[in-house]
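Consider the two complexes below, in which chain A is the common component and chain B and chain C are the respective partners.
And now, the complex of A and B:
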């Protein structure tokens, strides 16, 4: 009863707002944002994607009317390129999974911490990880994980290993770097969702006969799905589009799509081919959004 | 189904006690209410029984079993929450089947019992609905069905009506009571609403400041309050300053503004001491309505407040004010402001309590 009343009220409120602003005139308020978005995002991105349909001519950026799919054919027929696509996706999925595994317990703890001071301290810890520039954080990781870094020096000094472990300049290093960068995004996506799960739901499950683990699996986890999906999508998208982390932690040896884009455009001046790789990266992200949407519909039990 | 006993149940947080030394015995099939203002410890008591809070000391016994240390899932105690706690990611049928699936019952048996219990709560055909498609009253019924289908030994209800609007609350009050009577399930009902407690309960335990201050039938609680707290929390009462003249077993003689009155003795009175005389407005008789054995006082009318079915009088005796209520019936005597009137009451309907 109260729910339907609420709906009516919302509708009334929405109606009166649009009435006051004359409906159409409200749109003028978003005009500046729209113009900014148009000028500095849509136009450059579309023109970049457009030149991917031109034949690759080093040093030339101008769009010509001579359209061809040559660049894309090359990407999907040369192992070096299509393997990079797969590598990017696999790294993105692994980073999302690791960030979820590490982030969920942390988010759960923060969400369940009612003590205001402790809660603030935990939030500051999470947010402070985002405050330092990514390049600086990566150099910090390199100090830790390099062949003569803290971890390897310590292991060898203790006599546990005789040669340095390969912690960096490989996929492992890239994954560690990306998890470090993306973990706060995962945690922030989860906290709000977990906090919104009323404690009485878990208690109801318990008193109906569920153990702590069963109550988590059957009630808390399914209700966390919106946060898990949103966080995973965010982390995946950040990971596959990251250039700095694979460059520094992978030492150019872990060749993912952004590395190709950089090499093609900045080093070889092959704008058209770089644009084609960028288009592939963009479509990969779009597919992830689509998968996310389907998963969201599925896990919500068709309650959309 | 079972009886339940709380033995010296105590929960302390830091320095203060949320629940102090609560002893209660609730019989099989009984509808027992814990009534008190917010923060009195009634919800903490309920949550200890459910197993969500570990008591600091004391015991909880169901039948012959000591369940004090058991986790909630092993207690076989059902609870309905104030917000109903319907699982939003499951439909009504899945919600109700939740406890049965955990008990690993065969599928056909689960389906049969879900259908049966939906019929029992008057929601046949609601299987496929989700929480957000249900009204407050319907959620309430689903929450009850979900608990009752598992046939718990004890049913706990935590302010289950407080989220409903008034009309529905009245309806659900009688509906829950009828269902409880039919199933004969031992029920503990937590509420701050005296109307709910008085209409639904077999017995009421009034709680104040972490303690149970009085246990009794609704009639005993209303008519024979043992403390000033119970008096003021349940219904309206005149609480008057008196001096004890004589205290005997069960009755006492007190003086109020120089006039002598016989009254019941609430206990602990000593001659010469100050006390409080408690009498409810509806029990005060005026003028010719007084009988020969009634306690009498001379009073003057301050004002007459007409309320339709009731007429309320503000009266003055000495420097104290008394409120009296009279049914507005045919031929009822009316008293204008300023009138001198004899008022009084049956001594059995007033109580002298230690001040």
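And now, the complex of A and C:
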């Protein structure tokens, strides 16, 4: 989209507003941010995609015009790479399912909490947990789940197990870490839609003889589907994108796409190949977010 | 019947479990930082402030904390200035151009942080403009990731803003700039403050985008903690975590008083 196009549309639509600014054209306000994004977002991302189409030459990072799909062919034909894609996707799906199972009841509780103070406290707890540095939260999880961690030392102290359970540095640990990180996003995606379901619908089902469980399963749950879909896709996209959680909780043993990207660039200096893996990750996450966006639009469109 | 009575005991139990998953790791970091021993064990060994003092005098972690603080502060200033100006345009313009721009500005959230950091790194290295592994280069990455949150918060605070208030000031003889400064800016100030708080927190805790952009020997706090966590659990890092947790909790409470969190997060 060009800037001049933006100007024309703004003039047409926002005439009284630019008048309010005394002839000062409104689109000037957005120009600094737009130029910043053009130079440091659009150009870098497009050059990354372009460089992924260059032949891989270790240690060299110059864009050439000889385009080839070699890197992508390699990704989709070598087991070590396509298995990483599959592993990332499977982990993303499992994390989304667990985050939904845990997050839905919490979102439901927050949505049904009318008391303003209690409601604010719950929201602040969820939001603080979401915004806190992931590495700090992983520190806490690792102290809890390590071989000599709190869970294992408590189990052994109580005599329940004799050897430490392998809770960390494996896929299980990565899933737990990702659920911890993505849970607030699931909860926030669900609260709005649960609140929008009119309580009288549930009451009607109850007065017609449905139990609380039946009313929930047959009325509330189906009506929450758009939020469930949106939250799951968001959690999926966040899970497959994470580097720090698999790196710490998986101890480099669970090789997912972001770990491959880092190894290709920082350890092997294979820029073009790393860029290609990044492109695959970006496109996978973009597809999930695109569907998420459609679901979210559907959600807000259905709201009164 | 919209109250807690509508929530079944099973749902409540799982909701409490979810809160434990969210908050227990945080509580453990606090405990590890206040623990008397070298390593947090079960049962705990008692409380002490020795790791807090160790953090305050640690060149690694205190240095990283201050570096992150300054980085987040500069990021916030730039991101809030650019984001507020852009939000005024976005909230007052109808039409496809504004909608497309809004979507464009949200893209850094969609792009995996590692990929964004890599894109910038490749761009810096291949163009050789001296930004690779430098403070300005890292700053650019942080402005990009925080910008969408500033725009989301400030535009949310402008929903329902009555333009006629500004027009009234104008018709009473105020210049456009005076009307903007005395009317509009005052009314949207809570939104701008909340947006800048979010920008600060996101920059302060940012790891993924930082990965490829960090300056050697000048690691921000998340990176410094990550490096130390790869080898051992340093209680000093946990003590640094306590100060970060306090900062985030305080900021979230303040921003909750400034704007409707539901509206910002579309919840």
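Assume the second predicted complex is superposed on the first by the 247 of 304 C-alpha atoms of A that agree within 3 Å, B and C clash if a C-alpha of one lies under 4 Å from a C-alpha of the other, contacts with A are read in each partner's own complex, and residues count from 1 in each chain.
To be clear about the criterion, a contact is a pair of C-beta atoms (placed from the backbone, for glycine too) under 8 Å apart; a residue touches a chain by one contact, two chains touch by 3 or more.
These figures come from a predicted structure and were not determined experimentally.
Colleague: Which partner does A:222 contact after superposing on A: first (chain B), second (chain C), both, neither?
Modeller: Only chain B is touched by A:222; chain C is not.
Colleague: Which partner chains sit in contact with A:184 here, chain B, chain C, both or neither? Use first/second/both/neither.
Modeller: second
Colleague: On the A-aligned overlay, A:73 touches which partner chain: chain B = first, chain C = second, or both, or neither?
Modeller: neither
Colleague: Applying the touch criterion given at the start, work out whether A:196 contacts chain B, chain C, both or neither, answering first, second, both or neither.
Modeller: It touches nothing on chain B or chain C.
Colleague: If you tally the residues of chain A touched by each partner, is the higher count for chain B or for chain C?
Modeller: Per-residue touch count on chain A favours C.
Colleague: Name the contact category of A:204: first (chain B only), second (chain C only), both, or neither.
Modeller: Only chain B; A:204 stays clear of chain C.
Colleague: Quick check on the superposed pair: does A:86 touch chain B, chain C, both, or neither? Answer first, second, both or neither.
Modeller: So A:86 meets neither chain B nor chain C here.
Colleague: Residue overlap on chain A between the chain B contact set and the chain C contact set?
Modeller: On chain A, the overlap between the chain B and chain C contacts is residues 1, 203, 212, 300.
Colleague: Could you list, by residue number, the parts of chain B that touch chain A in their complex?
Modeller: 50-52, 71-73, 75, 77-79, 81-83, 85, 87-91, 98-99, 102-103, 130, 132, 135-137, 143, 146-147, 150, 165, 168
Colleague: List the residues on chain C that touch chain A in their complex, please.
Modeller: Residues of chain C touching chain A: 1-4, 6-8, 10-15, 17-19, 21-29, 32, 39-43, 82-83, 85-86, 88-90, 92-98, 100-101, 104-105, 107-108, 110-116, 118-123, 125-126, 140, 143-144, 147, 163, 166-167, 170, 175-176, 179-180, 198, 201-202, 204-205, 207-208, 211-212, 221-222, 225-226, 229-230, 233, 237-238, 241, 244-245, 248-249, 251-253, 256, 261-262, 265-267.
Colleague: Quick one: in the complex, what on chain A touches chain B?
Modeller: Result: residues 1-4, 198, 200-201, 203-212, 214, 218-219, 222-223, 300-301, 303 of chain A touch chain B.
Colleague: Looking at the complex, which residues from chain A come into contact with chain C?
Modeller: Against chain C, the touching part of chain A is residues 1, 5-6, 8-10, 12-14, 16-17, 20-22, 24, 26-27, 29-30, 32-34, 36-37, 40-41, 43-45, 47-48, 51, 61-63, 101-103, 105-106, 108-109, 112-114, 120, 123-129, 131-144, 146, 148, 150, 153-154, 157, 179-180, 183-184, 187-189, 191-192, 199, 202-203, 212-213, 216, 237, 240-244, 247-248, 258, 261-262, 265-266, 271, 274-275, 278, 281-282, 285-286, 289, 296, 300.
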